[in-house]
Every structure is written in structure tokens, then in C-alpha cells.
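First chain A sits with chain B, and in the next complex the same chain sits with chain C.
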Partner chain A sequence: MTTDADDVRSFDQRGGAAQPKALSAIRTIARREIAEQLSSARFLIIALLVVGLTPLAVYVGARDYKSRLEDYNRLVAEQQKMIAGPAGREVKGFDVGWSEGNDLAVLRAIRPPEPVSALVRGLDGALPQYWDFSPTGIVTGPLASRPQRIADVVGHLDMAFLMRVALGLLAILLAFDAVAGEKELGTLRAVLSQPISRAALLTGKLAGGAVTLLLPLAAAFLIALISAQLFGVDLIAAGALAKVVMLALTAGAYLVCFYALGLFVSSLVSSQKTSLVVLLVVWVVAVLAVPPIATMVAQAASPVPTSQYLETRKDALDLDIRRQAELEMGGVYREITGDPEGNADTDKYYKNKESIDRRIVPIEVGYLNRRRQILNEIDRDAERRAANQNRFASLLMAISPAAAFAGAATDLAGTGDAQYAAWLESVRRYQDSLNAALFDDPPTVMIRNRGASFPAELRKPPTVADLPSFAPPRRDAAAVLSRSLPAIGLLGLFTGVFIIGGFFAFSRYDVR
Partner chain B sequence: MDILTSDSRLQTPDSRLSRNWMVWCFTAPVRGAVVFVDVAMGWPVIRRAKASDSQVWIIAEKEIAENVRNFKIPAAFSLLTVLILMSFFLMSLDYQKRLDNWSTNRAAQSDKLFSGITSNYRSADNQMTMTASSVQSEPLIRKPMMMSVMAKGLDSLMERSVTIGEHASVPPAVGFTFGASQERNRNVMTAAAPDLLFMIKIIVSLLALFFAYDAIAGEKEMGTLKAMLSGPVRRRTVLIGKWIGASLSLAVPFLMAALIGLVYLRLVRGFSFEGAEWMRVALIFAASILYGLVFISLGLLISARSATRKQSIAVALACWVLLVLVLPNVTTLVTERLRPLPTVTEHNISVIPLARQIESEVAASGSEEGFEFPGYGIHHQSAAPKIRQIARQADNDHIARKLDRDRLARTLARFSPAGAFSYAVTDLAGTGLGEFQSYIGKLQRGRDRQIELADEKQNTISINIANEAEQKKANEKLAEFFEKAKQLNRDLYESLVVMRSPQEAIGDALPDLAALAAWSALMLMMAALAFNRADVR
Partner chain C sequence: MIEATNLSKRYEDGVLALDAFNLRVESGRIYCLLGANGAGKTTTINLFLNFIEPTSGQAFINRIDVARSPIESKKYVSYVSENVMLYGNFTARQNLDFFARLAGRRDIKKDEYYMVLREVGLQEKAFEQRVKEFSKGMRQKVGIAIAIIKDAPAILLDEPTSGLDPKAGAEFLETLDELRQRGKSILMSTHDIFRAKEIADAVGIMKEGRKVMERTREELEHEDLQALYLDYMRGGYRPDEEKRTA
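Let's turn to the complex of A and B:
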């Protein structure tokens, strides 16, 4: 009998001539593996669970998506109505609350919900519904849906969840005894005494397991597509089919990765029971424990200032520069009107309109621009810190294939971090272009003084059509693929390491 | 009773010294607990000394010894210890951070610039002043709960900043508005907190199934069950014995790990719980064990119905996914379906037409002239109290519907052990639905006081000022009202620090604990039925 290492090497060296034989052996082993797995109780139970839960998951996702879409349509209709009204004809650049003449709603960038979020929810509900652009800077709208509730354990029930949790579980349940079981039964010795290389045996098992796992996966995605159609989300018409196919492929890679891990552990240990315990612990840690723990470690190690800190800081800075501007304006006002108290009223304003506009307005405009700049810097700094924190968290999560899959799936669906970053970038670019076209040199300024406020008209206000329009980020299949490549690459790396580890462990296994 | 003299049964011929030592280490507390439970609960049994009862304990002890020998108990203990320590470490850091955030807010509350009303200031040389036309106050933040290190629950909802003042969309109306979540990172916002509740919900249930899945199926497979049942042992005895054995195998390592966690919290992180808080902690642990028992019984049920261990583990894991991960999601979904609610934005906008109608009624009566309000339209002074009333009513209705939905969600959550457990533990920790309702109630009362004050102010201070003296008097009155508004704000702030009493929290958690106990009993009964009908051939 040759040694294990020789065995592997000879398989490699035999090359072309021996390949047909090795291939047919692999095929036989794979076929036997598939037949055995498909008829096993565990496969039937978990596969039925996944296939049964798929319509439910899609129903939840489709319902959430449709309610977000309704909100979106309502907001768009409201905006269209306002654009047709006085606010659309004259954009004054004021920062006022809800009204017919609301400039904010006219310049609003409304985020359409992502149709694929019916399958992979990701951050789609946790992102703002819209962003407003004002003289103060970017104002973030409310979140698209409610935050996490008490009873929810690990995120939402969606396709990514079913793949990550339930099918991941199936992968290790199928793999834990693939080698260790045969070791215990003694059949492995019998098989290895045949003219079959160990590499071929493991390859056959891997191929068989992969095919077994891909069956429920394909069924689940098919059912998901059909039920999405039934529940009123037309993924094919939305041009999302390519994204769904990529999602399914990534999920397949993830399952193969877990199956390879199972084979690796199964080859390493001698009893099935140990193999099951080790794999379940790895599964719990990788799938359920690592994501929240990594998030929290990142939060502690690379903190982001809280909302209340940012608001207080903004208030303090604003108050500071506002006070300076007011002192200056008050002095000028007193000088022009000769009023010792510095009280303003409309009569006095219109009597001295020209000199007030010439001297006071630049101070007010200077204050507005400076305030926008300062507030914007604070927000950008907080965003940068949040992005750093996320980078750190995803670095920590790189130890878990499940987290890598979750990242890849949300990015592919267009509901992940990358999509959020792309939105923020578009929004910021739009604010910059609006600054240049409107806010830096405002057509109208509201001068506030004790008991009175009056608008100073500086130039003819532009119409909405005169202003640049908002360009939302790309969300086609090519764009999402390029955003999710790092996570997919990581998943591939894991699979490779587990397969090589499995071959190595198996080749060193002593059959006696 | 031969429990204390049963050492010979614990040793297998091939056991080495180290293994013996480990077995002793882990069985000592278990055996102590067995004796304790035996004495405490089984005193009549001992008195009667019925053969079947001592058989229960023999089977239980065998089960425990087996679990020690095949490393299930040591593995469970290490996993639980590592995860609980990690959870306490991270959650206490998080709590510290949130506490710091609250202290900053507290400092800001007592700061001259930010306390109460910010817009009513007069610059140093009296050149340019702004006047406050309304009550505006610095946002309040509720103090984070210390027990949130165990279950964060709704704490992050309750520590958003909240402002009581004029509605953004309907200015004369007074209401409370929540600020954004304190957490800025959206990934953190949507992720589950790795608190003790999370760890127990996932790990304890999984371990329970792991202790129970092969208890019967394994013996079936090996054929030992047949041998055992052919002797003078009742099936009931076997099942109860296995149940006690599996329960103790889970409960003892869990309690040891939890105690280590508590010692760590106390000594390293400096958390000191006081009288009532210890009761909360003890009840949380009791609830956790009750939750574990549900899954032990479920595991036995599955084990009794399965022919092989492999089938048993697959069914057990599928059930686990359904009960722990899927069912709680489904109950919240059903609630949303049964009690649809408008979003906050929709609700806020819904008040506008009502306000406009009141304004136009006042305008039609022609009794007073209105004035332009930026972003609002023409506003009439005498319409304000009415608008405040309808906005208040609309807010209260909205809140009542929301809380009603939350209560329904809670009732439905009892249909899953994980849901009932989550609600029970968050209530016990003071971060649950009961505390949230009382928090909202405090805000509502605070708002009502501010509305009363706003009405009073409007009746006291006339806007038609004829001369300097009247102006001066009005200014003085105005300053007085601002002081009152500030005081109301301060009172509310202090009331937010006060937590509900442990009695109330326990009262809230009781139905959920009862639901857990019912789940456990139901599963055990079903397991007994299934085992009685099991075919051992």
C-alpha cells in the first residue's frame, strides 16, 4: 500500500491518461452520494422547511417592499404637485416647514425602494426615505420603516436568511458524517482498498454534496421568483433577474463552502458525534454569534459620535456664529435707521431698503454659508467615522463565511452598505451642485429681527427646471456586481481553504 | 438512597485519572443539586422509598454522568462561559458609552445656554435680540438602564432625544417629537445586540436540544432501551429520569457560567446590583432555565418519535429554526397585518387639514385678524387652543393604537417560546414593553402640562400692547412663563430617570413566564405520550 502523500501525488502525476478513469470513479461516488443524501430524512426535513418557508419569506419581503413603494409614490406625487405650484416656479432657497411653497420638498431626492429587497431586505428599510437640500445643508428624512422589535432575533426573515441559516445548517448536516460516518462503519477502509485515489473519493463526495445542496437552492429561488410575481413584485419586469441569478449563484457558493468545511472537519476527526458537535459550534458562532459580536467590537474600538452629541455641537456652533452675525447686523441696522434699540419693523426696512440690502444682506448670506459649511463638516465627519467602523466590523466578520455571504447578498441585491455609500455620494454631489446654483448666492434672504422678519429679494428666483436635477446612483446588475466583488472573493477564498484543508486532512488520515 | 454511594457507576473501566477528575469536578455540583432537589421536592418520595422513584434518580444520574463523559457538559459550560463573558464585556462597554452620552445631555440640561429655552436671549450690548414666540426646549434623554447589559430590549428607542414643543408641521400645537436614533451607524442600528438575552435565546435552546435529542433515540439505536424496558421499569420513570438528567446537565453549567459572568460584571466592570435588582437578575436566570426546559422537553419528544439519532437531530434543528428564528418574526408580521398603522409622517400630515379647518372657521367668524406664519399660512390667535386640543387628541389616538398593537404583538408572541421569553426577560430587565409604555405615559403627561401652560400664557398675555408700561409688564409675564416651562421640563427630565418598581416589572413578566411554563409542560406531556406509544422493537 502506498503512503497517503504518494497517493495524492500519483493522482496528480498520472494526468491525462488516468483522467477518464478517475473521472468515472468520481462520477460514481458522486452519484451514490447524491442518491444516499436525497433519500435521507435530514435532507427531506430541512429542504421541505426551506421550500415551505420561501413563500412566507417572500410574502413578508414583498409586503414591506410594496408599502415602501407606496410611500415613495406618495412622496413623488406630492413633489410633482409642488413643482407644478408656486414653489416650483420660484425656488427661493428658504428653509421653512411644510407648506405649499415648500422649497425643500421641491428639491428633495426621494429614494425608490429596491425591488430585490423583497428577497434580500438588507438595509433597505433602515435607510432614509429621502434627503432634503436646504441652505443649512443636507437634511436626512425619516427611515423607510420601523426599527427592530423585541421578538426578532436575527434580522428579518428573507431569502438570504433562509440560505444563510437553514440551508447552511443542511450543508453541515449532510457533511458531518460524510467521511467520519464511513470511518466508524468501516466502509471507508473497504472503499480505499479499491483502486480509487483518496482525492477522487473526496472530490466525488464534494461534487455529490454540492449537487444535493443546489437542488433545494434552485427550487427555493424558483419558488421565490414565482411567489414574488404572485405577491405583486414583478422582478423580471424590474430588470432584476440578473441580480437574482447572481444571488442564487452566490448562495450556491456559500453552501459549497459550508459543505467543504463539513468535509474538512469530518476528515479530521474520528467519530461522527465529535464532527457534529464541532460543526454545530462552528455554525452557531459563524452564522449567529460573529455578526453581532463583530459589530459591537467595532463599535467599541472605533466609536461614532451619538446623535445627541452631534446635535448639541451643531447647536453650539450655530449659536456662536449666529450671535456674531447678529451683533454685526444690529450695529449696521442702528447706524442706518438711527434707532438706538436696533428694533426692526417693515416700514423702516422699506424706507432704507437699498442700504440695508447692500450692507446687511451680505452678513446674513455669509452667516448662512458659513453655517452650512460647518454643519456639513460635522455630518461628513460622522459619516466617515461610521464608514470606518463598518470597515472594521467587516474586517472582523471576515472570519465567518456566513457574514461574508450576508455582505455579498445584500450588496448584490442593492440593499447593502455599498449601495448606501453610493446614495450618500450622489446626495452630497447634488448638494454641492445646488450650492453653486442656488444657496451660495441666494435669490432671497429672510432677515430676522426682533418681532419682524422680512424677505430681501436679491435676484429673480430660478424655476426648478433651471436648477440641476438629482442623479441617483446606478443600480444595474454590473454596478452591484462590482460593489459586491470583495465579499464574493472572500467567500471563494474560504471555500478554497476548506477544500484544500479537507484534501490535506483526508490524505493524512490513517485508515487502520 | 444510594446516590451518594454511586461513584462506582460513574467510572468506566477505561477511564483515566484526568477523566475521573473531570467527571468528579462536574458531577459534584450536579450531584449536590440532585440531592438537594431530591430532599427538597422528593421528601415524601424518600419517605415512601418507592422503587420507581429511586429509579428516576438513577436514570437521571446515569444521563448526567454520560453527558460529562462524552464532554457535552464541559463543552456546554465552556461555550456558555465564553459567550456570556464576551456578551457582558461588550454590553457593559456599550452601556458605559450610552451612560456617557446621557451625562453630556445632563450637563447640557443644567447649562445656562441650553437649559430650557434657547431662543430667548439678548446679546451682550442689547443690539440685536431674538424673541421666543413659543416654548422651545433642549431635547431630553432618558437615562439608560443598568440592566440593559442583560437585555437591551427597547432601551435604544427610549434613549432617543425627545423634544416637547411646537409641532414642526402645525406650529401652535404642542407635542413631543423624537430625535434620530442615538446610534448613527445603520449597520449597528439594524443588528441584534449580543446581550445575554440573545445568547440564551440561541445557545441555551440549542444546547437543550443537543442534550435531549439522543436521550431516547440513541438508546433505541443501540438496543439498550429494549433491554431497559424489559426490566421492572416504567416508561414514565425512564422519561422523567432522562428529563431530570438532561435538565440538570443544562441548568448547572448554565448557572455556573452565569455566576462567573456576574462575578466578572461586579469585580471587573464595577456593576453593583442592589436588593431589588438581584431579584430581577434571579428571575431572569429562572426564566432562562424555564426556557431551556421547554427545549429539553421538545428534544425528548423528538427523540421519542425518531428511530435514529440522525433523524432526531435533523428534526430537532429544523424545529429550532422554526421556533426560535422564524415564529417570532411571523407573530410580528401577523400583528402588523391585523393592526395596520399610518407612518409617523402620515400621522403628522393628517393633523394639517384639521388645523386649517379650525383656522378657516375662526376666519369666517371674523372676530379677529390673523397673521402670516412662515410655512404655515394665516394663523389666528384664538384658534390655537382648539388646534392644540385636536392635535393632542390625534397624537393620543395614534399612540393608543400603537400601544394596542404592541400589546397584541406581545400576546401573539406567547405562541412561541422564544417570543414569550424575550418579552419576559426585557420586562424583568426594565427595558421591555411595560417600561416603554410608562415612558410614553410620562411624556404624554409632560406634554399635557406644557399645553396647559401654553393656553394659560395665551389667556394672560395680550398681543395688543398699547404702551411701554404694558410692554414691560408683558415681558415680565413672559419671562415668568418661560421659567415655568423650564421647570416643567426639568420635572419631566427627573421623572424619566425613575424606573418602574420590580413588582410592576414582575407583574408584567408573569403572564409570559406562565406561558413558558405552559409550553414546557405541554412539551413534556407530548413527550410522555409519544414515548408511551413508541415502538421499541
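Let's turn to the complex of A and C:
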């Protein structure tokens, strides 16, 4: 009979069960996880669904993008034509509202559609096509896309939706039984009777789950890129491709986040059924309930006046100051022309043009500047309220990794709220620079009279080239990345918390 | 070698599952733990595998304190549970490969796996079949094959013969005997008095967390193990019996 010492010595000499290196054990666990998951029905069904729906989602997105691009190109062509014409050579600075030949369209800030909106629609279709700048302030153009009533109600099917909803669900379904299921099956004891640490086991599971989830994700993005190319949207162009790659990486982080959540919950309970129920409830709350509830609560807690209300308020204030200005003007007309009604017909105006202009112009310019200031204050106040509401809603949504991903995805695609805020900022800056260069000291003022208006030339009108040019917000990959960092950071925080929570829970998990 | 000194476990709910348990299983010996459900047999095995922490005392595998160096100690022990649970979508050979890799054994050829599966009596046609189609006896054979491929000096078996048909049970005992011949220290918990008597070099009876009796194979030649077992189960705890511990 051999002795203990002999047996152990010979065991060690054979290299019998040399303790596996942690990395090797992790790789072994991960490979098994991948093999198991890839052959599971839940993986095949959802992965095929996502891969199958991707071309459809891209087709719809590409069509929408292309129609917005056509509108944009048309508007730019019209503007170029105007710039090359008289309006471009002499910017008189007429108010948009009551000038017949609106020369201010040469200064129009036209927003190009974002190519990556073919994948992640975001707000791109719901923002204005352009902004005009006038002596009375910023005038917002029509929305880039027509409202799509059904899609606006139930949500748009785009890549962000497929990742957030379908692959998010897959992550949960792959992870719910990772620990509790193995405990029920009995394999957890068998695995943990081998010389590997619990941390290595969970790391292997996390790595295996991540690789499994990244396969349909990578396939979907590859198909999306090919589909977009086929449907006429070039996303291979350097800037767009960088955004798509960042988008795919963030989607990957989101899936790892949900998988880590699944491992965490699975390590907290002893039954896979309980794990599944808990995770499905969390998924429904995080993906489907939190975003609308957060928006609703923010709307209730921090209301924003409706456009109709703002317009009515602006009209009422405008009416007030205009009436005041008109009364003053009427007095001047009466005094100069002797007309008891305070009117000046064309003959009378041109007969007394010099003295009328000298006295009316300050009233008219004063009215325009005052009006611009008041309307600007109303708009700023409304924007401040909207921003507060957005901030509040974002804060409430911060409890959901799905909302964090939605924010990160749209911001990375250049179709999110951060991009909208950047456009508003650029537009406001441009209005300020035009105020200084043009509107505060207008070259031409329309002298109004009841039923008629007469241009009063005050100085030589500048050309478009003389005026500051509009600086649109940066849309390059670095800019969208910096705007997305808060949302990406939040997603990273969730992932970190779930991973640490999972390791902590599994280190204390009762495997009996 | 498998060894326990004054090993105790009290659960959080206050239940004393194991009370000052002592044990020593030398190389080339089979020790059978008998006892009713809840007697502390599985708790003992859980302590040797570090699935739970002892309240006091120590468990050693190959002279390594399990609680202090759990991963190191698991290099030297194989474990076969009552219901050997394997990954259903993997074949017998793939399961073997998976657990061998976890045990640190890499670069094992397919033929070597087949050889071990043959050794435990699994039919050739089942080698590359998914184990979800396997009977309990077949899974048990794969479980033993996993222990053999690891080739660890200590083996823990938790009621391995429960539910096996007579033929499978007999084959299982043959395999155990073979492992004993190779110098393995084997600790087996079981309800099966007859198989315990047939295979064990020593038998311990547990009751309410305590080892109330221990007999060597030689001693049992003159005693009826079944009668002893029933006697101890009916009667109370007789600590004087512990003095007979080898």
C-alpha cells in the first residue's frame, strides 16, 4: 500500500491537478458559458429577431434621413441663390414678420440632418429645420419631420430601441439562472469543488455572457452599416463611422450592465424562478416604466408653458408696446403732415420724408429693440423652464440604466438633447452677434404707416460677407463624445455597482 | 489523507449540525459515514469542501487546513455528489474535459478521456452523447470519471449509491475498490449499510451531529452492522463509544 506522502508526491509529480491559473479557469468557464448560451433557444430567438429587424429599422431611418436631407439641400440651395442675389449684396435688416421681400433668409441658420439618425433617430426629426434672425428676435422654422403619429406614440424602431429593449431583455434572460440555476441544477457545487475561486467563476460567467451578447450586437451593427450603405446613407465616412463605433461600444457596455445586474440578482436568490421574476420586474420598470414616469413627474413638478400660451403672451406684450409706439408715431405724423388722423399717405410721406424719418426712426428702432428684448426674455424664460424640466426628468431617469443608455446613444449619434441644447446655444449666440452688427443699428428701417410702409435708408447696408457667419455646433465624434460623457459615466457607474454587488453577493452565496 | 479535528458547525439559526467531529482517513482506505437524514454527514462533506465555514475545529485535506487554504486544499480532493449533476448540453467527454481543465489538467487527449470513461464502465456510444439523456447510473459513472481524471489523492462521496440499481451499485463498488488500490483516501457518506459493510475499511455512525460509533472492517467481522446501526438510531447518544475511535 502506498503512503499518503508517496501518493501526494506522485500526484504532484504527475502534475495531476496543478492549480489552474485564474486566467485559465476564467477562460474555461467563459468558453462553457458561451457554448451553452449560443445553443439556447432564448438566445437564438432574440438574436435572430434583432438581426432580422435591423435592416427594417435602418430602412425606415434612412428614408426619414434622406427626406430631411433633401429639404436641407433645397433650403441651402435657396439660401445660396439669395446670397448671390441683391439680398446677399445688401442686407437691409427688415423684420421677417412684415417685410415682403424677406432678405434675412440669407442669414438663416439651416440645420443639416445627422446621418447617424438613420440608426438612432432621437430628436433629429423633431427639431426645427432652421432658425431665422430678425430685429425682433429668433424665429424658429418648421420641424424637420412631420409628426409620425403612431410611431410617436408607441416609439420608433431604431437601433437604440433594438439594443435597449430586445438585447437588454436577452441579457436578463441569459443571466437570470447563471448562479441560482446552477445551484438548482447542482453543477455549482461540482464546479466549486474544483480549485478555483468564486471570483474566478463569476468573472468567467461575466466574460462568457459579455462575449455571447456582443455577438448579436456586432452582427446587428455590421448589418446596419451595410444596410445604410445600400439604402443610400454613407455611414462609412470617417466622422459617422467613429460615432457608430462609439455607439456600438456603448451598447455593449449597456448589455454588460444588464448582464451584471442579472448575475447580481441571481447571486442574491436561491431559486432561478425568483431570479427571473425579479429581473423581469426590474427590466419592465427600468426599460418601459421609468422614462415615461420620470417625464410625467417632471412635467407635473416643473411645468413649461405651451407654445400657444407663449405666442399669445408675446402678441399681447407686442400689442402693448406697438400701440405705444404707434401713438407716438401718430403724434409725429399729425404734427408734421397736419393730418388729424395721424396718417401719412405716400405723397405726404415723401414730401416730408426727411423730417418724418428723423423723428420716426428712433421710435421704430426703439420699438423693435424693446420688442426683441421682451420676446427674448419670454423665450429664455421658457427655455430655462424647459431645461429645468429636462434636468429634473434626467435626474429621475438616472435610476434606470436603460434611460442612461438612451441618453448616451442619442447624444453619441448627435440626435440627442445635448445636441439640441448645443444648437440653441449657437443660435442664441448668433442672434447676439447679429444684434451688435446689424439690428441694434439697422441700415434700413421700415417706416410704418396705417396700411403702408416705407423704407428709410439709414446707412449703407452690409453684404452677407460683412456680417458674422453662423457657427453651428460641432458635430464631430470628439464633440458628441464629450456631450455623451455624463450618460456614459452613469452607465459605467451602474455597471460597476452591479459587478461589485454581484461579486459581493456571490462571495457569500450559500451553495449547499 | 482526510482528517477532521474537533470539527463543529453551528448554523445561524442555532442548530448544531456537527459537534466536535474527529476523523482520519489514511491513504488507500475507505471510510463510510452512516446516519439518518440530518445526522451531519453532508455538513461534514460541505466543511471538507469549504462550502461552509466551521464554527470551530479544523478540516484537513492532505494536511492542508481547508478553511485557511480552500483553493489549495481543493487541488487534492475530488467530490462526487448523490446526484451527479453535469451540463446537460455537453457530452460526457465535454463534461470531463471541462472539469479536468478546472482542476488544472490541460492538454488531455480525447483518447485519454475515452479510456477513463471506458474504465468506469460507460458504454462507448454514450461518450459523445449529451448527458441530459443519461440515466442516474450513467451520470454517476461520469462523476467518477471526473474524479479519476483529476487523480486527486482524496475523494469525497456524498451518498453516491442512492438510487442506483443493483448492477450499477455493484459496478460502482468495483470502481471504488480500484481507487482504493491506487492509494486514494475515500470518505463516503451513505444510507446503504450493506454496501458500506462490503467496501469500507472503517465505518462511523452519526447521530444529531455527533459520531456515536466507529468500527473497523476487522471489528465488523464479528458484529452485525445493521443491528448496531438500528440500535444506535433507536438509542440515545453514548459518548463512551467514542473512546473506541481509532
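By definition in this document, the second predicted complex is superposed on the first by the 478 of 512 C-alpha atoms of A that agree within 3 Å, B and C clash if a C-alpha of one lies under 4 Å from a C-alpha of the other, contacts with A are read in each partner's own complex, and residues count from 1 in each chain.
As a convention for this text, a residue touches a chain if its C-beta (ideal position, glycine included) is under 8 Å from a C-beta of that chain, and two chains touch if they have at least 3 such contacts.
The structure displayed is predicted, hence computed values, not measured ones.
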| item | value |
| --- | --- |
| Which of chain B and chain C A:Met296 touches, first, second, both or neither | first |
| Winner by number of chain A residues touched, once chain B and chain C are compared | B |
| Which of chain B and chain C A:Pro142 touches, first, second, both or neither | first |
| Partner chain in contact with A:Leu169 - chain B first, chain C second, else both or neither | first |
| Partner chain in contact with A:Arg189 - chain B first, chain C second, else both or neither | second |
| Contacts of A:Ser197 with chain B and chain C, given as first, second, both or neither | second |
| Which superposed partner A:Leu38 touches (first chain B, second chain C, both, neither) | neither |
| Set of chain A residues, in rising order, touched by both chain B and chain C | none |
| Complex contact set, residues of chain C against chain A | 1, 26-28, 42, 46, 49, 51-52, 62, 71-72, 74-79, 81, 83-87, 89-90, 98-99, 101-106, 146, 150-153, 156, 183-185 |
| In the complex, chain A residues that touch chain C | 1-4, 6-8, 11, 14-20, 24-25, 28-29, 32, 35-36, 39, 185-187, 189-197, 511-512 |
| Residue ranges of chain B touching chain A (in the complex, touch as defined) | 70-72, 75, 79, 83, 86, 90-91, 93-94, 97, 101, 104-105, 108, 113-114, 118, 123-131, 139, 141, 153-154, 156-157, 160-161, 168-169, 171, 179-194, 198-199, 201-203, 206, 210, 308, 310-311, 313-315, 317-318, 321-322, 324-326, 328-333, 343-345, 349, 352, 374-377, 409, 413, 416, 418-419, 422-423, 426, 432-433 |
| Residues of chain A defined as touching chain B within the complex | 40-42, 45-46, 49, 53, 56, 60, 71, 94, 96-99, 102, 123, 126-127, 129, 140, 142, 147-157, 161, 165-166, 169, 173, 177, 273, 276-277, 280-281, 284, 288-289, 291-293, 295-297, 299-300, 303-312, 315-316, 319, 323, 326-327, 329-331, 333-334, 341-342, 382, 385-386, 389-390, 393, 417, 420, 446, 448-451, 453 |
